[in-house]
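The structures come next, written out as structure tokens.
Same chain, two partners: chain A is paired with chain B first, then with chain C.
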Partner chain A sequence: MRKKLVLYLFLAAVLRYFLIISKFSRIIRNRVEISTPLNSFKRVQEGAYLYKHGINPYSGDLVHEVPTILLGLSWVLNNCECLLPFLFIALDLLTAFFLYEMTKMVLRSQLDQARKAKYAPDTEDIQLKTDDVEPLSHYVMMAYLFNPFSVASCVAQTTTVFSNFFLSLYFFFLAKKQITPCMLFLAIETMRSMYPVVLLAPAVLQFSENSLAKAIKVVNAFLALCGILSFLHYSMIGNWSFFDSTLGFIFHYRDLQPNIGVFWYFFTEMFEHFRTMFLVTFQMNATILYLVPLSIKLRKDPMMLATILLALIAIFRSYPCVGDIAFYLAFLPLWKKCWKFMAQNFIVFCFFLVTVLVMPTLWHLWIYAGSANANFYFGITLGFCTGQIFLVTDLLFAHVKREFCLKNGQKLFIDGKEAKIILE
Partner chain B sequence: MGILTDASLNQRNHLGRNFLKHNRKICALFYLAGAVWFCCLGHSQFNHATYLSENALSPGLVYSEIKVESARIAQNYLDELNREREVYRSGIPYNWIMAKMQQIGLEVYTHNFTLHYPLGSGREFHGENIYGILRAPRIGSTEGIVFSAPYRPPESVHPDITASVPLLLAFAEFTRRKNYWAKDLIFLVTDREQLGMHAWLEAYYKGDLEDASALDAGNLKGRAGALQAALNLEIQDFDAEYLNVKIEGLNGQLPNLDMFNLIQRIAARELPVREPCGYKQTSPRKRAKNKNAVLENVKAMLSMLLSQANGVPTGNHGLFHRYRVEALTLEAVKKPKSDYQSRGAAVLPLLKVIEGVSRSLNNLLERFHQSYFFYILVSNDRFVSIGDFIPCLLLMAGPLFIKAFFLWLGLNVEDPEMEKCDEDEKQAESSQTELKPIVKKELDLQYSKVLRIFLIAHLIGFLASVMPENRGLNEVFATLGLSSNQFITGLAVVFSIVALLAPHIVELNYDGVELLHIVTLLELASVLVVVGLLNFALGFLLSIVIAPAAILVDRNHNASIKCLNRFYVILLHPLIVSYGVVLILTLNAFPELGLLAVAQRAIGATMDALTYSVVDSIIYGNWVYNAVTIAFLSNWMMLWRVVCYTKTEEGRPKLKTS
Partner chain C sequence: MDFKCATAFYILFWTAVITSANHNEEFHEELYVKPLPNGQINTFFQFTTRWKLEAGQNLDHTRLMPRTIAEILNIFDVKELHISLTQGLWRYETWGYPVVDSSPGAEMWAWFNGNLTRAQVDSQWKKLTSTLSGVLCASLNFIDMTNTVEPKYGFRPQFGTSKTNSEANGHIRYATLPREIVCTENLTPWKKLLPCNSRIGFSSLLTSGHVHNTFYHSLAVHLRTLCDDEIKENCIIELRETANIVYDQKLLGGSDFSLRKMFGQGLNGACSLADTSIIYVDVTNDRYTLTPEPKEVITSTRGGVTTLFAVYNVKEESNDKLFNIAWVAKERKNSVPIISPPPLVAHRYILNHGQERGKVVTEITNSHWGPLNVVVQENIPWYVPVYLHTLTATVNKERITPKLVHYIPGEQRERPYHLEVALTVPAKSVVRLSIDFDFIFLKWLEYPPDANHGHYLGSAVISTVLPNTKNYTGIPVDGYLFAHSFNASRPGYFLQIRTESLILTLPTPDFSMPYNVICLACTVVALAFGPIHSVATKKIVIESRETSHSILSKLKRKLFGKKTKEEDVAEEKEVAEEKTEDAGTDLEKESEC
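Let's look at the complex of A and B:
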């Protein structure tokens, strides 16, 4: 199994490397689906150049990367530029590896729980078994390594690679139940892209063990680390302007460049008058709207909660890109035992396939041929979002159904007839 | 939320079985619905009357100022040019054209270009365009309009359009005397048909086309800002019978509907009644009256789709569309018999049409952006917009998705008989555990093998797409003394044989073939949708031919129907489809020849068509050849693999090599 693992990692690295040196990398880098104003490599380059010449990179509206990453990348750019592709590839592989380890731990702890619980007799096929741990964690890793989305994201050298890396570390330590590093990586990622703050909820559920004092301790640790990180950034740059350029830029949605999300079209069309109201509404939708009900429903299963929240963030965030989607898609094999109850997987797959193919087509027709227009492109991105929401809803319901069936058996009989189970 | 919340698995099984039973009927229903929808579009209830969206155009708002002396100038130019043509049998009389342009008072430039022919031994072709710019008196050269005329030397094989250049010059002479132009006017005479136009546009925009190696577009010494619109003239004679408007551009792109409407409005105003003007206009004497209107309309729509489908522009205008310049060609078709009395009768009306169009374009405040870019013309004053015709394509491609979905359901739904066994066992619960693995269908989907076939098929498709432009290969064949035509045909035949055999390298079982079938259908459907969005005509016509594959090909047939399926899939091979199309066209063109002679002639024509499509793809960026090889050839290989699968009686998979 180890051998196989290394082989996959090697194959993924080779694939990424050849794409980076091929002529496609320029095309991939410039696609709006992959590079957004927030994560594009070009902007990092600009920022590094500005910093090198003693100009505050955050004084304009160009750079939206936090100082640590920006300075780190600018150091690499100035000293050993040829190593840059390898840095991105290595981070991507590490992400996959941490996901692999994380899956193993999660599945083992689920197995422990399953041993304690008593399940209905005809549910063998949906119960987790010891033999499942290794293949499932392999699937998770492969789902990240060979997902075209994550490959494209890495080839375009977007800073989403860093995001995924930090998030994978967060998940790794979450599964390992180590509070401080877990909170550290969550704080880093929150300072970079704001939305991961909602992942505090699964962490609190995981670590608190139903005690309020522990929960407060977790939140305090998170806040303290955020404070320390801010101060670190401040000491690197010498002023607080980076706050507005990173978190402020994300919250206020200043760059209306089209992307695969739902923000750009609305904020282009809307009267300036209503902007604040809709901004708050949209940001609430992306963060706290689903947080409370989901946390209550899934309080016993913080991992599921984290998966769902991760997907919702990727769909509804202000500058979404395919790299985010690749990350939450990698979590699907983790829930393989729910797949039996996922009724829409084929339809969702078709949705993904068609929308992903049609998106660049309509972009070409809109931007280059001039015959289509923004409405066409927005229509198809909306379709893409709908497909993703289908997937998330389906996964959530499948999870609930599986829990129910594990307790009550897969076939229910009322008066000798098979009963129909309806969720309402 | 029923669809998402229904938790009962067996309900789904039940529904799935019912769907499976009727899947072919459902697919056929969708297909027929698509066809019926398309036919309905011919009815006036389902199409719309054309109208002008762009108010700035306001056709016919100004009095026509062009007078009969301009017509006389045109006639004189024509006589002079005809004398020049006797001297220059194979080239352009540059000196004469340049002298006339200078006389009129235009800024005159020439533009040289070189084509390194991508196939064969790499011969070189040279050409030279001439153009003159009239600077707008009212604005600083920020926008421009192009009036162009292709020049054909007397030795050209194409219809004689000598009269275009004199008409262009006469119009230029008229515009020189007016001071109301708000856009620079470019008068362009192009050499070597579409190549000249392509080179000029490439040079004008310094395009970032990758095929820069094939065409050396050269430099332009004078420019005139952002081009807004272009009018291309193909005037066969000043004694014209009718005007034909050509709109189909590169890769099936069309000019904005406003541009077409503008021509229609102005032509209706300026031309005498006996000289009609319109899209695909035919001689007024030939046109039959009192026919079924819907049938005629559907025929007109189909003929437009047919000429759009190959992605080849019908005139020089088609190359402008790539640069977002709205352009079309006005073709004046000469009378079959010309008498001295009516000689030059059409000059003044033609000039008035051009004047009217230029005055309207002169008023434009912004680029064409209103009205429609995706439309099908039902007749000259009626059209169908994208919202109405795209459902046809979706209904045609839909069965492929639906079929794939049913196959997927079929994989996961347990057979009814097995279900019964399961229930019997339930009563005897103790023995259940030992028996279950035998009865339950074990799915073995062979993902990695299917992936391997998928990759092999696409690798071959990709090679078929890039091989023809491989320089080294071309050199080798050229030294062997083969023409580029034979080279391309040879490659096509080799790839066809490879396509027949290659998918059988990987052995598959029953479920694996089923998965491959699903993958094939999904890919085909998505490709059809994408192609249909880029070029509706191609996507729609292809789905008419291909979609029945979804209905017909099925694993549970008896042997004779399976044979029929294989025959049908063979017919779908891209090479055979293109031969079929060429054969039908040849039959129409030479109805007097015998079937055998036509079939022979069609083989040669198919070879030519193949070579042209390769050359078009390399020089002009026409993507039909690449789409067919990369997407459709690869997909055909997988479909072929699916229909070739036979199940022996014991249910053990057997490999069948075609």
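Let's look at the complex of A and C:
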């Protein structure tokens, strides 16, 4: 098993390395679906250059990376630039590895729970078994390593690679039940991209064990770490301008460059006096709108809650990119036992396939050929979002159905006639 | 009543006599005509008003100086002001350097008093532009902090001594409006600033029909105050109004031309308020016979270059008929005028494929035999985000390092990118200065009415000090008349040239779509909201497949709230089960039948 693991990691590294040194890396780096204003490597380079020449990188509006990462990358760029691709590859591989370890721990704890619980007799195929742990962990890792989205994101050297790395560490320590490191990585990621703040909810559910005092302790730890990080950033740059350039930039959605999300055309075409209202509405939609109902519904399953929240963030954040999508897609094999109940697999698959293929075509027609216009690209990004939304709602419903069937059996009859599960 | 009127008249009369006797104001009008080598004619008008202000005099009492200008100096703490309104592009390669350079569209810069703070300068600048917008009927009110920069190296103050100049550091504001269209509505208020208005004198030649029908025309106002370092009250206020016009000989009907052909009429005498009214004609090339013959020809040797000027003093000409000068081409077969290019020329262009990424390239050509030090001030508006790390300067594809880079990053909708690069252009070579930028996507209301026309980038300004005066006609900083440039040899000649202004077509959204986009995007958001909230809030139940298959029964249930038998049974069971289950469990148990 170990050998297999190393082989996968090696293959993934080789694949990424050859793409980076190939001529495709330039094309990949320039795609709007992969590089957004928030994560593009070109902007990190610009920030590093400005910092090196004594200009505050946050005085303009091109740089949106937090000081720690910016200065770190700046150091690498100035001292050993040739190692940069290896850094990104290593981080991506580590992300996959932590996901693998996390999956193992999650599945084992689910197994422990399953042993205690009593399930209906005909539900063997949807029950988790000891034999499933190793293959499912492998699937999770492979889903991240060989997903074209994550490969593209790594080849483009976007800072989403860092985001995914920190989030994987968050999930790793969440599964391992270690509060401080878990909160640390969540705080780091929250300071960088705001939206992961909602992942505090699964952490609270995981660590609190129904005690309010513990829950408060978790939240306090998170806030304290955020404060410490802010001061760390402040001491590095010497002023607070980085706040507006990172979190402010994400919240206010200042750059209207098209991406795969729902924000860009909506706020391009927005009437100025409604802008603030819709901005707040859309940001709420991406963060707290689903937080409370889902936290109540999935309070016994923080991992499922985290997965769903992660996916919703990736869909509804202001500058989404394929790297974010790759990360939540890697969680799907973790819920393999729900797959049986997912009704829209084919539709979702078609949505993904068609939109991903057509997206670059329509971009080319709009920007280069001039024969299409913005509506075409907007339409296809809406389609892509719709596909993802179907996937997420389907997974959520499948999870609920599975839980129901584990208790009540898979074959349901009313008066001898076959019955089906609905929501009322 | 009559007595009162008479008294008032006497008082006014004597005041006028006293003021005119006090000769501290002077006015000069000059016209310089230079036939250009490739069949074009450059005519340059300069109207200079100079007012020596002594202790006890204030700016409220003006004679020749226009009152609006005096008020501007009084209110806005301006030390030096330059405005130009230009249509067309000056072709340096064939026309040489103009006496006064200006960029296409509107260009304006001002130096403010050294004792103002930064915020005060900004506020004064904004007020100044708005005021001048009214004075010149130009869109100068569109100048604000989003298109204003503070040049650091490329511009030099032309007032005072080195002491006041060092104080002035940081008190300059510069802006261009490359989209500005210059027309007759600018010419009329510009002429109104002159003491003789447009009725008599050289300004009567500037009729809108003929000025705006040319290759290139540029109206400008230059204002400066020169104050004594010791006695602060002793100042000289100097206003120069210039008009630079380039005619095409072909449009004037052949190789011969005259003042009448160019301006539609002859000159109706000199402005009687003017101290001097002189026409200078460049006769260095001796290609034309002038009629009437000039009474005087001046030879000017400046920086090793000799130029001949024919001089017509209009004050001395008789006033009984319109004064006219005719240029009759001398018969010279097989002669081709040789165009010797000026030492430094520059061009700027955009390189891009598609509307995603591009490069702004500035090409500076040095045809002088020695290297030249230049300062390039790029003019990059906020909607062209440039990446400083991509700034490269190359000579013959070899990279060179700029001596100095001054950069203030821009901010969307807030401030432009300010980039000044100092570098040495080696002898007989071309430096290509390029910087990458991204195409930006604006909000739909930020596009101009004709969105696909594109957005303008103002000219870059290139400043240098030339060692010789080949093609150079500029007035030295210590002079104020065109005549002061004769025999004015100096160690170096400060030169500013401007590149083309550029046009960039940004990708546009569909302007007819706002409602559709809002509806569609909200629908997609609702697609997630609906199912997630129903999963989170509704309870899970089972239902017979048959009941659900019948649309009619569904409809019935919806309409009449009537429940089928099966459902009643299921629900009863659920309710029974619910009581037995733990609180908080939302899964209902349904036993197999």
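We take it that the second predicted complex is superposed on the first by the 424 of 424 C-alpha atoms of A that agree within 3 Å, B and C clash if a C-alpha of one lies under 4 Å from a C-alpha of the other, contacts with A are read in each partner's own complex, and residues count from 1 in each chain.
FYI, a contact is a pair of C-beta atoms (placed from the backbone, for glycine too) under 8 Å apart; a residue touches a chain by one contact, two chains touch by 3 or more.
Here the structure is a predicted model, which means the values were calculated and not measured.
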First (chain B), second (chain C), both or neither touched by A:Ile347: first
Contacts of A:Phe397 with chain B and chain C, given as first, second, both or neither: both
First (chain B), second (chain C), both or neither touched by A:Arg2: neither
Chain B versus chain C as contact partner of A:Pro258, first or second or both or neither: second
Which of chain B and chain C A:Ile315 touches, first, second, both or neither: second
Chain B versus chain C as contact partner of A:Gly409, first or second or both or neither: second
First (chain B), second (chain C), both or neither touched by A:Phe266: second
Touch count on chain A, higher of chain B and chain C: C
Residues on chain A lying within both footprints (that of chain B and that of chain C): 390, 393, 397, 401, 404, 411, 418-424
Partner chain A, residues of chain C touching it in the complex: 353-357, 385, 387-389, 405, 407-412, 414, 417, 438-445, 507-510, 513-514, 517-518, 520-521, 524-525, 527-529, 531-546, 548, 566, 569-570, 586-593
Contacting residues of chain A [partner chain C, same complex]: 30, 42, 45-46, 48-50, 53, 55, 59-62, 254-258, 262, 264-272, 278, 282, 285, 289-290, 293-294, 296-297, 312, 315-316, 366-368, 373-375, 378, 382, 385-386, 389-390, 392-393, 396-397, 400-401, 403-404, 407-409, 411-424
Partner chain B, residues of chain A touching it in the complex: 340-341, 343-344, 346-347, 350, 353-354, 357-358, 361-362, 364-365, 369-372, 390, 393-394, 397, 401, 404, 410-411, 418-424
Residue ranges of chain B in contact with chain A within the complex: 1, 3-12, 253-254, 321-322, 324, 373-374, 401, 404-405, 408, 522, 525-527, 529-530, 533-534
